[in-house]
Every structure is written in C-alpha cells, then in structure tokens.
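In the two complexes that follow, chain A is the common piece, with chain B as its partner first and chain C second.
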Partner chain A sequence: MTFAEYLTRNYDNLLELGLEHLNLVLISMGIALAVGLPLGIVAHRNGFLRNPILAGAGFFLTLPSLALFSIFIPVLGIGAPPAIAALSLYALLPIVSNTVTGLASVSPAVVKASQGMGMTGFQRLLRVELPLAWPVILTGIRVSTQVVIGIAAIAALVGGPGLGTEIFRGLRSQGNASAPNLVYGGTLGVIVLALLLDAAFVLIRRLTTSRGIR
Partner chain B sequence: MADTALATQALPGTGGTAGTPGTAGAPGRAESRRGGSPLSWFGMPVLLAVILGGTYLWVSSLELDTIEQRTLNVEQLTRSTIEHLHLTAVSTAIVIVLAIPLGVLLSRPFARPVVPAVLGIANIGQGVPSFGLITIVILWTSLGFWPMIIGLVACSTLPILRNTMVGLEQVDRTAVKASRGMGMSPLQVLLKVELPLAFPVMIAGIRTALIINVGTAALGTFFGQGGLGFIIYNGITLNRTPVLVTGVVLVSALALLIDYLAGALGRLLAPRGL
Partner chain C sequence: MTTTETMAQPGPTAAGAKPMIELVGLTKRFPGTAEAAVDGLTLTVNEGEITVLVGPSGCGKTTSMELINRLIEPTSGQILIDGEDMTHTNPDELRRHIGYVIQETGLLPHRTIAQNVGTVPGLLGWDKARIAARVDELLEMVGMDPATYRGRYPKELSGGQRQRVGVARALAADPPVMLMDEPFGAIDPITRERLQNEFLRLQQQVRKTIIFVTHDIDEALKMGDRIAVLRNQSHIAQYDTPENLLTSPADDYVSDFIGAGASLKRLNLSRVRDIEMATDAPTASLSTPVAEVRAVLLASTWTSLLLLDATGRPARWVNSRDLARAEKGTALTELGLPVEAIVEPHATLADALDELIASNVGCTVVVDGTGAYQGVVDLETIMTVVRTVRDEYERFHLAQKLAQQPADGQVR
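So, the complex of A and B:
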C-alpha cells in the first residue's frame, strides 16, 4: 500500500486522532494559561517571588517528558488525564516568563500616567499593562503551544490518546509493510497540526491586540 | 536553581514581534555571573540529595515482591543509568561537533543568502515530534545503538544550530567594526571577539542539547536501547508504582544534575568581562 492509498483509506481515523491530539493540546494550554498568567503577574509585581516562580516553571521543562507523563499515572490512572497534567506543566515556563517580560516592558511613564488618572492597581493591570504586554504574552503562549503539540505525541507511549498512537502502532508493527505508513501518517499529522495552530495564532494576534499598538 | 530566573533573556521569541518561536526543550540560560549566591551553587545538589535519599528510604522501607525485585536491584539500575548516560553523551558530543561549527559557518557574511531558509526549516522542524522522527530513522535503518543516536542527533541539531546563529547575530556590530578598525583579520575577529561574546548563548545551546538528549534518551527503551525509560515503562506495564517512581526519580535527577553541571561549568568558563 502506498502512502497515498493509506491516507485515503485512513483519512477519518487520522482526523479523529488529530482531533484527540488537538483536544489534548487545547485543554493543557487552557490549564497552563489559567495558572501561568496569574503566576506571571504575581512574579512581575512581587520581586521577592519572581525568581522562585520562574525557577519552578523552568524546573518542569528540564524533566524528561516520559518521566513527567508517567509520574501522574499512579494518581490519575492511564489515559488522557496524566498526559494533560504533564503537558500543562510543560507549557508553564514560556507563558510565565513572557508575561513577566511583557509586563516589565511596559513604559514606566505610561504606568505613572495611569496612576495619575486615578486608576487602582487592578484597573491599571487590566486596562493598561496587560493590553500593552499582550503581544509578548501571546508569543509565549504560541511557543508553549508548539512545544506541547510535539511532546503530546509521547502521551501514546504511556497509554494516552492522540496522533502518537498511530506512530506507536507503526513502531510495534515494525517489519510489517504498512508500518512506515502509520509512522509517516502520525508524524505528518502532528506537523500539520503544529502549522495550523501557528497560523491560527497569526489570526488570534490580529484579533486580540489593542488597536493602539497594532 | 535560582539561575533559571535568567531564562527570560535567552528564550527567543520574547520580542513581541512575530519573530521566531523559542526552542523546544529546556530553557536556555545566558549565564553571565561568575559568583552568584550560595543558593545558586548549592541549592540543586542539596535538592537532588534530598529527593534521591527520600526515594531510597521509601523504596527500602517497602517489602518488594519478586516482580519488583527483578527491576529494582543495583545491577539493573546501574545498567540502565549507564545506558542512558551513554546515549546522552554520544549524541550530545555529535551534536556539538556538528551544529556549532555549522552555526558559525552560517553566520559568516558569505552564507547570508541561505540563512532565512535554514531558520525557516529550523522553525518547521520544531513541529516535528521527536518520537516520530526517531521512529522514522529506525524504520529506515534498523533497531540499534547507532540508529538511536542518529535519531537523538536529528532531534537536537536544529535547536542548537539556531541557538549558535542567534547568539552570533546578537554580538554587538560596533564591537566587530571596532576590532576590524584595530586591524584584526575577519578570522581574528571571529576567534577573539565574536565567539567569546557569543559564549553564554552557545553554552546555553549545549545545555539545551544535553537536556533534550537526556530527555529523549528516555524513549530508548521503546527502540530496544534500554536506558532509564526501561525502568519507568516496566513500572507502567507491570503496574508497580515503586518501580515507576524509582525510574522517574532517577531520570529526572539525572536531567537536573546534568543541567546543573552544564550551568556551573558555563559560569566557571565564561570569559571574564561578560
């Protein structure tokens, strides 16, 4: 069977796996954002906590992915949950560090001006600092997403869902004539997903950046 | 561990423009301080000693059944660790020899036309899952130590290449011009000015290569190459938590230790004045 034949026959299977993969990535990114953004803001506002927070987020990125996927299995069981936990931790550092960098790059004069206008600290954050820092933060989110898409393929090795399962199936049927097709299909799927999400970020960037700094 | 705080500096793509997304893998760190607080020197070794000691005490307090004993014995753990180190060391050495000179070459003026293409490939290459890439290499060759090494090298070459190129690009152009004005030849400028100034970024690249390789080497067990991934996967398939946890702790400790040593070495070797 040629690769083209494989693709036409397994089109819907690959699509389904791709959606599983996307789902895994989106849920993990959602969690990472919900945790990472506030952490980044705290790290920016509190100089004392900045280094511990960044070091903590960097710590997870140093751990081998197989280890991080596996360590949650005794607690969360086999399947998607341990993968989501691991991927969320992997996604943290770029989000946190870019939030800190972005907020730090906001001109002090603008911050002073907003204080002079009588804004409270929270208003200032929401209406001045975050919109101005947003392009940098979004870049962090994009980097995180790319990292997570690739690493999510490893989830299959520890019983998780996604396109990695197709690669793993190919590896296990090594020697079989169809094995390369499975591996190519899974790998190509991940690459296509990465490119699609990267393109989506261009759109998100346009839609979510404040008009004043576009 | 405190030096991770500098990660923001070396994480590419923080510039806010569409730019290049950052490297996959560990945070790059542009170290510049020679001294540093005691915490940055001793924090990680102490943490590792506590984690390893704690795991040892916990496992030895358990009554291991025969299945667990088959994996959790000194001989097996040593063998897996050595296999893991072997994979990591060989692949990293090859990547350093391959990617750094290539990066230097690509930063020379005559290579300027091909640079955007290389960076473009490097960016797309980021989306390639390492697991898929190694499997493809194995399918094209065979199961074995060297195919696994080729796979590891394939996974870590692009990030390091880009790190070197970006590092050399960041070297202050006025410093280069001043050295040329002092009568240095282009080669002298490269050796005496550009490379020393790019040193922190290149060390960060080597460190990243080590972290990527030590992490990816954990997949070695799926390709018949053992390593500490073997312990972890045994723990999962046999449903034995002590085995799984031991594997996870050992491989994580190894990654953190290697990262710490590379960082400490980078700080000691950094050219003075940076």
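So, the complex of A and C:
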C-alpha cells in the first residue's frame, strides 16, 4: 500500500486523531495559561519571587518527557489526565518568562504616567501593562503551543489520545509493510496541526494587538 | 542656613493671591541613603499661578514634585491642597484630581488620542458622551483638529503634537492643580518655544495652579509667575518673582545659576502686549487698487507697506518699487517679501527680537489670536526696553554696593 493510498483510506481516522490531538493541546495550553500568566505577573511585581518562579518553570522543561508523563500515572491513572498534567507543565516556562519579559519592557514613562493619572495597581495592569506586554506574551504562548504539539505525540505512551497513537501503532508493528505509513501519517498530522495553529496565532496577533503598537 | 530659612517663607504674595498648595517641612529620605533627597521643603503656591522649581540636575526638584501627587510617599511633612491635608488620603483618588505632564509624555501607545485624553474622566466614571465632548473641546484647545487626530495613535504624531496631547490629557478632568515635569524638555528648540507660548496662552484661559519643574533657567523665567531656585536636597535658595530674581539675586548661587546676560534675559519677561508697539505702519488690503496703496505708503514715514489679506492677516511687505511694478500689471500677491516674522501679543520680547533678526525686514508683525494684524515691533522699540532695564539694573547694583559698604550684611 502506497502512502497516498494509506492517506485516502485513513483520512477519517487521521482527522479524528488530529482533533483529539488539538483538543489535548488546547486544554493543556488553557491550564498552562491560567497558571502561567498569574505566575508571570507575580514574578514581575515581586523581585524576590522572580528567580524562584522562573527556575521552577524552567525545571519541568529539563525533565525527559517520558519521565514526566509517567510521574503522573500513579496519581491520575492512564489516559488523557496524566498527559494534560505533563503538557501543562511543559508549556509553563515560555509563558511565564515571556510574561515577565513583556511586562518589564513596558516603558517606565507610560507606567509612571498611568500611576500619575490615578489608576490603581489593578487598573494599570489590566489597561496598560498587559495590553502593552501582550505581543511578547503571545509569542510565549505560540512557542509553548509548538512545543506542546510535538510532545503531545508522546502522550500515547501513557494511553493518551491524539496522533501519537497512530505513530506508536506503527512503531509497534515493525516489519509489517504498512508500519512506516502509520508513522508517517501520524507525523504528517502533527506537522499539519502545528502549521495550522501557527497560522492561527498570526491571525490572533493581528486581531488582539492594538494598531498603535503594531 | 539663614538664607534657606528666610527664603523658605512663602515669598512675596501678590495682593489677593490665595494659597492653593502648601508644602510644610516635606522630607524624603530613601532607604540606604545618608542624605535626604528632599530636606524640609516648605513652599506656598498661589492659586492660578505657575510656580517653577528650577535647579541643577540632582537637586531634588523632580522628587519634590512627585511628593506632591505622592508618586513618592514623603518620609515626613505635610501637603495641603486648598487647605486640606492630602498627606494621608487615598493616593489614586488624589492623583485623579491633579493634572500630570511628564517630559517623556507617557501617552498610552496602544490607545487612540481620544482614549488617551479621556483616561482620567473615564477613571472618574464620566459617561461616554460627556467624555467624547470633553476630548474634542480639549484637542481644539491645544490646537489639534479633533476630527483629524482623535482616532490616531501616539506613534503617528510628532513629538510636539504628543506633548500637546499630554497637556490636553492632564487638563481633561479640569483639575485645579497641575504638575508639569520638564514638559517641553525633550522637544526641539523651535517647537519648544511655540509650545511654551501656546501653553502660556492656554493658562490665561484656564488659570490652573501649576508647579512646573525645569533645569533651564530661561524656561523658568519665561514660564514662571514665581520661581523657586533650588540647591541640593531641594533647599530653596530664593523664592521670588522672575523680575526680582534677575534684579536682586539672593546670593552667588542664584546669580551664578541665572548666569550671564541678565538684562538680555529680561527680554524674556517683557511681553509684546506690555510694550508700546508701533501701530502707524501703513497697511492696505490686497484688494485695494494699486494707486490707492501707493498713496497710503507715500503718506506715511515708512519705506514699506504691509498688505493684509481679506481676513486681516499680514500677507506681504511691499515698497514703492514693488508698487511701480504692480502698476505695470504684476499681481500684488507676487510682489515684495513674504511676512515671516510674526508674533502674538503674549510672546516675549526675546521672541520678537529673535524673529526680527531672522526676518528679511527690520520688524516683527504682531497679530492677535486669530492671526489678524495688530501692529509692529521694531528694533528701536526693543532697544528702548533694554535700555530701561539696564538702567534699572545698574541703579540696583549701585544701591547694593552702597548698602554693603557700612556693614557687610545681607541685602535682603
């Protein structure tokens, strides 16, 4: 069976796996954002906590992915939950560090003027600092997403969903004539997904960044 | 220290002036520093006046200003605004009622000009329609067409325009008090001059109580109704009117700071509207028949005549030779010299002199706010003022010398 034949026959299956993969990535990214953004803000505002937070987020990126996935099996069982936990931790560092960098790059004059006009600390964060840091933060989210799309393929090893299932199915059936097709098919799916999400980020960036800072 | 103590008094108060801001023993000591950045600053600022804090960099003038809107919390001392103690109120609430302009402008780059100007009204909870109306009014006030600029972003404006927006933004909620920290410091000299003049004209309308920080003594003399010359740690060396500062500096520090050319600097204090400008210059409308124009010129003692356009604005200078050519059919609008030197009545004599030197004819035309012709200032007019000032100055120094002879005491 040629790769083209494989693709036409398994199109539906790959599409479904791709959607699962996307789902896994989006949920993990959602959690990473919900944790990472506040952590980044705290790290920016509190010089004392900045380095511990950045080091902590960086720590997870140094762990081998298989190990990180397995750590959660005793607690969360197998399937999607340990995959989501591990992926969220992987996604953390680029989000946290870019939030810190982005907030630090806001012009001191703008911060001083906002303060001088009587904005409270929270108003300043919401109306001035985050919107101005947003392009940098968004870049962090984009990098995280790319990392997570790739690593999510390994989630299949802990019984997780997504395109990894197809890849590992292929790896397990070595010797079988269609085995390479499965591996290529899964990999192609990951690549297409990565390109689509990257394109989505370009669009999101255009839509969410003020014309004044583009 | 005796000078500091005597000078720390409110200074000469104009009749009827009401104190608006009172700083009492304001002190700021940053942790880990031996000397206080601001040491016991006591100063009274009158309502509706521009009070300038001027001094070399590092003297604590900006810190002193930021103590007033409590961007920096004072270590000790008191801030009274309109008699009310502001030292322990909610600082955010306080700042919403104090206009604030800084050198770097600090416009929010991601928001439009309208949104920037409407920031404080928004914080104060005004409704949208009221904010929109106020924004247009303010842009108009600072000389920017609302329709053109309200939807633009700061990066699309020039430095001078940005600073205009900065001033409009500070005025937005009509605060009684404004703090301006080197507002025109980062702007090229020509635009700065124009912005200073425009701001002074604006101040004539709005009459805010303003504290203005600068390191530039010429700017201080031009802008200030009252000037506090600061030395280290915001100690006041002299707090006085610009005139007194120039004619009777309290000590060597002050006279050194004012620098050379005090009499030339006095030109910065006299405004065109305060002197007698020549109103006898021959003028004619562009639409007047050439023969009549010629008659007007001949009847005057002047060698050139000023042509005015239909709205009364100066258009061109023409002499009798130009008019001779006009009679041969050349249009009046193409003859003579364009009017380049133009000032408004609130401009200083230094401005007028500057324009005059740069212009191609020996006089500066004075126009009113709408640009209509008012009169002219020539070199002779300015010389008369310089001469009077110099005489006064010399008389003062003679008196000072005589006073110092018997006892080497202090002058003031």
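Rule of thumb we're sticking to: the second predicted complex is superposed on the first by the 214 of 214 C-alpha atoms of A that agree within 3 Å, B and C clash if a C-alpha of one lies under 4 Å from a C-alpha of the other, contacts with A are read in each partner's own complex, and residues count from 1 in each chain.
In the analysis below, contacts are C-beta pairs under 8 Å (C-beta built on N, C-alpha and C of every residue); 3 or more make two chains touch, one makes a residue touch a chain.
Since this is a predicted model, take the numbers as computed values, not measurements.
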*State whether chain B and chain C clash or fit side by side on chain A once the two structures are superposed.*
fit
*Would you check which partner chain A:Gly118 touches, where first means chain B only, second means chain C only, and both and neither mean what they say?*
second
*Give one of first, second, both or neither to describe whether A:Thr2 is in contact with chain B, with chain C, with both, or with none.*
neither
_More chain A residues in contact - chain B or chain C_ = B
*Could you say whether A:Val183 touches chain B, chain C, both of them, or neither, answering first, second, both or neither?*
first
*In the superposed arrangement, does A:Val128 touch chain B (first), chain C (second), both or neither?*
second
*asked:* Let me test your reading of the model: by the given contact rule, A:Arg211 touches which partner, first (chain B), second (chain C), both or neither?
replied: second
*Please state, to the nearest 10 degrees, the angle that the Cα centres of chain B and chain C subtend at the Cα centre of chain A after superposition.*
100
*Closest pair of CA atoms, one in chain B and one in chain C, after superposing: how far apart in Å?*
15
*In the complex formed with chain A, which residues of chain B make contact?*
1-5, 7-8, 11, 13-19, 21-22, 24-27, 124, 126-133, 135-136, 138-139, 143, 211, 214-219, 222-223, 229, 232-233, 235-236, 241, 244-245, 247-248, 251-252, 255-256, 259
*Taking the complex as given, what residues does chain A use to touch chain C?*
107, 109-110, 112-120, 123, 127-128, 131-132, 210-213
*asked:* Please output the residues of chain C touching chain A within their complex, sorted ascending.
replied: 69, 71, 92-97, 100, 102, 104-112, 119-120, 123, 153-155, 169, 179
_Can you tell me which positions in chain A touch chain B when the two form their complex?_
50-51, 54-55, 57-59, 61-67, 70-71, 73-74, 78, 93-94, 97-98, 100-102, 105, 135-136, 139-140, 142-143, 146-147, 149-154, 156-159, 163-164, 167-168, 170-171, 174, 179-180, 183-184, 186-187, 190-191, 193-195, 198, 202, 205
